[in-house]
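Two complexes are shown next, each including chain A; its partner changes from chain B in the first to chain C in the second.
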Partner chain A sequence: MVVGIVSYGACIPRYRISSEDIARVWGQNPPLIGKQLGVFSKSVPSSDEDVVTLAVEAARTAMRRSPVAGDMVNAVYVGSESHPYAVKPTAGIVAEAIGATPNLTAADFEFACKAGTAAMQSCMGLVGSGMMDYGMAIGADTSQGAPGDALEYSASAGAAAILVGKKNLIATIEHTCSYTTDTPDFWRREGQIYPQHGGRFTGAPAYFKHILACGRDLMKAVSTGPGDYKYAIFHQPNGKFPLRVAEELGFKPEQVRPGLLAPEIGNTYSAAVPLGLAAVLDIAVPGDRIFVTAYGSGAGSDAFDITVVEAINSMDRTGPSAVRSMIERKVMIDYATYAKLRGKITMGGASR
Partner chain B sequence: MSGLAGVRFWRETKSRYNLTGNRCGVCGTVFFPPRPVCTRCHRESIGRMEEHKLKGTGEVLTWTFVHEPRPGFEIQVPYILAMVRLDEGPALLAQMVDCGPGEVRIGTRVHSVFRKIGEEGKSGVIYYGYKFVPD
Partner chain C sequence: MVVGTGITPFGELWEHSLRDLGIRAGMEAIRDAGITSSDIDALFVGNMAAGRLIDQTHIGALIADFAGLAGRNLPTVTIEGADASGAAALHHAYLSVASGLHDCVVVGGAEKMTDLPDPEVTEITATALDQQWESFFGATLFSMYAMMARRHMHEFGTTREQLARVAVKNHRNGALNPAAQFRRPVRPESVLEAAEVADPLGMLDCAPISDGAAAVVLCSAERARRLPGPQVRIAASAQAGDTLSLSSRRSLVGFDATSVAMERALKLAGRSRKEVDFAEVHDVTTISEIMAIEDLGFVKKGAGGPATASGMTAPGGELPVNTSGGLKARGHPLGATGIAQIIELVLQLQGKAEERQVPEARVGLAHNVGGCGATAFVHILEVA
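For the complex of A and B:
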């Protein structure tokens, strides 16, 4: 049973703050911080944007570019760690906004930064088993790092939606596999605004171990090597880790760079890999093979082996909905505006 | 928090989320928000009003800066409120976002985006709906 990608869409907020501006506020070395992290600016959601609005915009673009009508979508799954409600699904609101209600199943997924790819796998299973025709998998986040914390330089916002099906495919997904453990590298307890992380513990035993194992499992399963892929997309908590893990797996920087958005928009968490995939699909040609490995703290990796097919040529991938256009259509803001937009300013009684 | 305002908003979800209006089956006039009868055809249009989804594209008829916000909009001050003429005909009042005063003029082409409209405090329901951005 061939399962694949029918359509996709992305959403990146328009505002950006530079790493230099954040570093200046906290007395850090402004030019050095950006270079150390490989993140020079990050996207900032407006005060009226959240995971729901970003997910809806991404999903609407995916629907508009596909031949699929809203009521043909049988599942909407939204992966995020910043759902606006603790109880009340983002997925139901998205389903309503794309005209998919009421005859569908919907749920919110959570697995740190890989909830979006977990949603993709669920859609693949349901479509592949013949239980449904089309499923919408979305990764979306508006994540926050505590003021002054290292995470503040990277935690950003974005969304990407992948419409999974077995007809009208622009790309086939040949294989997917996962690698999951119980690792306390990063967490946020219920009711807390900002996450905690295990400092250096987030590198080798977490990000690198899981991506390396999962990525190698995938290539073993489909008998490929790094040279078989035109593009490689990795989770991107910063601009450095993806290039390092790629090198360890045997990929070259030019395979990674087209899907590496963290230097310009930061770490979009659950949206990071789906957005990287969207950026690559924007420029891919039929026959291109794409290697994808997501990572979520806690911890686990999901890997995908994707091949672009002929029909991608008839999809409109240019204009304002292209990931590149969204990255370039930016407005830089200062730390004061950022603090206001992100709710870091406490209003008087007026803000309730 | 009582859910009454939430219930009222919820009834209008279809038009607020998806700009769903209606269209007179007699003369073709499009209405937003949807009307029970056509303002031109009156009784003749009864039973002939059809649901009609608007594209969300149009142009600015007029706009203003808001410095004295209504409750819940304090953090967004100053913001732009515009009267937008949709391409299908109806005009509506909506907030303009992601733009500064230099980017909005009478005649500016705009399209709708899905945004947070408001919320019933930090523990209440969140309202979503359309706002507009310049093309």
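For the complex of A and C:
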């Protein structure tokens, strides 16, 4: 089964708030906090940006850069933990926007920060089995952090779309595997505005345990070692964890940094790994091998072994759709503006 | 006599429940003593807050049951004195043996703190304060110590750097203790730069949130003679109290309960301060250790900061303090701390403290405080 990536697209909101600004409001040590988390600024969605608009933008870029017409896409899956509707699929809106309707299957996924990669695996299965030719997997989030919570420094917004198929590939996916347990490190119950987390429990028994196990399983399955990969992409809840988990697996910082966006845009949750992958595909050359391991609280990891092929050279990867240019295209805002945009200001009787 | 010790590692022990930790420490102490469970007459457990931390009270019965001792119908009791619960349990276990009621008892301390989010744990530790006059208004344990630190700085010129020296010393000691939560040294700059907890105290000035358990076996001197040595005698077990709320106290820069417990302990042991070779003191914050060495009378009031900076309390100093790493680096599972201090004393007195061994240690002192000083225990142990 040769399944792979046909095209991809990304979307990162323009607004940023600095960790220093947040730290100042909450009485933390402003110069130190960014260093401690490895997150110096994060993306903030504007009032007209939600998971639907971000996902549509990313999906349209992916379609525009591929030879595939909208009606050839037979599945659209959107992974997110901030779908605008509790009931009413984001995926249907995205499918309509890229012209994939009506002959397709579509659904919304949720698995904390790895719903985007879970969507990729589902598309791989459908395409690999011959049920369809193309499937669109999207990771998108406008994630939430309670005022004053540690999550406020990282919870950000973004989207990335990966078009999966068997033909017209720019990269092949050699193997994927997952590692899933019931680990309560982070959750948001129905009706709650902000998630809760287990503090330091989100580290060793959650993020590290799952990524290390899944990453090792992948390398064992394809008989590779860290040295076989040009790039390594890990889930990035902050700027520190990915570098530490990479080191434990035997990867070097230079393999990780091209796909490490958290220091500049924060944790884009379901979009984090797909966006890291998009950033790496923007600069990869044929033959480059890419190691990918996502992590979603709750908890699980999905790992992928990806190899870039010749056709990537004929894709337009420059211009405003490149991840790097989206990161650099930014407008800094203050905490007050951020609080307004994120609905953190309670309006007297008025809805937000 | 202390004839056996058992301790779990301290730290974030996600894989272990309270009962699991309590049983491990207890069984290790029994094995170490060279006795069997049929030799035990009673179980005493120090625990501060399992009722709120894990919704479980009745810890003595719980641990006896899951250690397989329910069939022996042992008397068990859980003793609470805030974070001096461990020393309180030891005190009452000691009294039961000294009175002749029991011949051989196990006394343990245990706490499981990491099942709850940190803010809830902070609220729960604040229950050791006066709910009506302090914690109800938002006071936390560390904010109370922060006020004491400020007053100490104001009255005696104690500096932020002197406070940091306590953390640096205790982390260096903890690095040598296999059971410690933090086995790494810290730089003075890191202590000064760490995230603020309650001004002037930062993260590295305060004891961590920890899981852990510790246990010792006590028996009568007569019984101990039949057991293998080297043996350690409890020369004094003394307690003193004070007002619950800090605002009612005579002074904000020390604990009278500590001073009085020390006088009582020295009298019971028939010893002078000069005979004490080393001490484990209740360094729940860095200012706590500075106030402790003053209140215990090892230095005069106000001289604790400069004494610490001079190296007096460092290994090789005149009075090594907290060779285990103290609450700061060994960790502070509330109810377990008082017993963990006793275990450090026993290891030192038996010459088994390895890299952190105090040379020719003959007399050791343990100082355990509940909350903000309404309860203080001083135990003096000596080579039998």
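Basically, the second predicted complex is superposed on the first by the 347 of 352 C-alpha atoms of A that agree within 3 Å, B and C clash if a C-alpha of one lies under 4 Å from a C-alpha of the other, contacts with A are read in each partner's own complex, and residues count from 1 in each chain.
The working rule: a contact is a pair of C-beta atoms (placed from the backbone, for glycine too) under 8 Å apart; a residue touches a chain by one contact, two chains touch by 3 or more.
Not measured: the values here are computed from a predicted model.
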Tell me which partner A:Q196 touches in the superposition: chain B (first), chain C (second), both or neither. second
Check the residue A:N29 against both partner chains and state whether it touches chain B (first), chain C (second), both, or neither. second
Look at the residues of chain A and decide whether chain B or chain C touches more of them. B
Applying the touch criterion given at the start, work out whether A:Y85 contacts chain B, chain C, both or neither, answering first, second, both or neither. first
For A:D282, select first, second, both or neither according to whether it touches chain B, chain C, the two together, or no partner. neither
Which of chain B and chain C A:D133 touches, first, second, both or neither: neither
Both partners, chain B and chain C, contact chain A at residues none
Mind listing the chain A positions that touch chain C in their complex? 27-29, 32, 36, 196-201, 204-205
Per the touch rule, the chain C residues reaching chain A in their complex are 12, 14-15, 114, 117-118, 193, 195-196
Report the residues of chain A in contact with chain B in the complex, numbered from low to high. 14, 46-50, 52-53, 56-57, 60, 84-85, 93, 96-97, 99, 320, 331, 340-341, 343, 345, 347, 350-352
Note which residues of chain B are touching chain A in the complex, please. 13, 17-18, 71-72, 74-76, 97-98, 113-117, 121-122, 126, 128, 131, 135
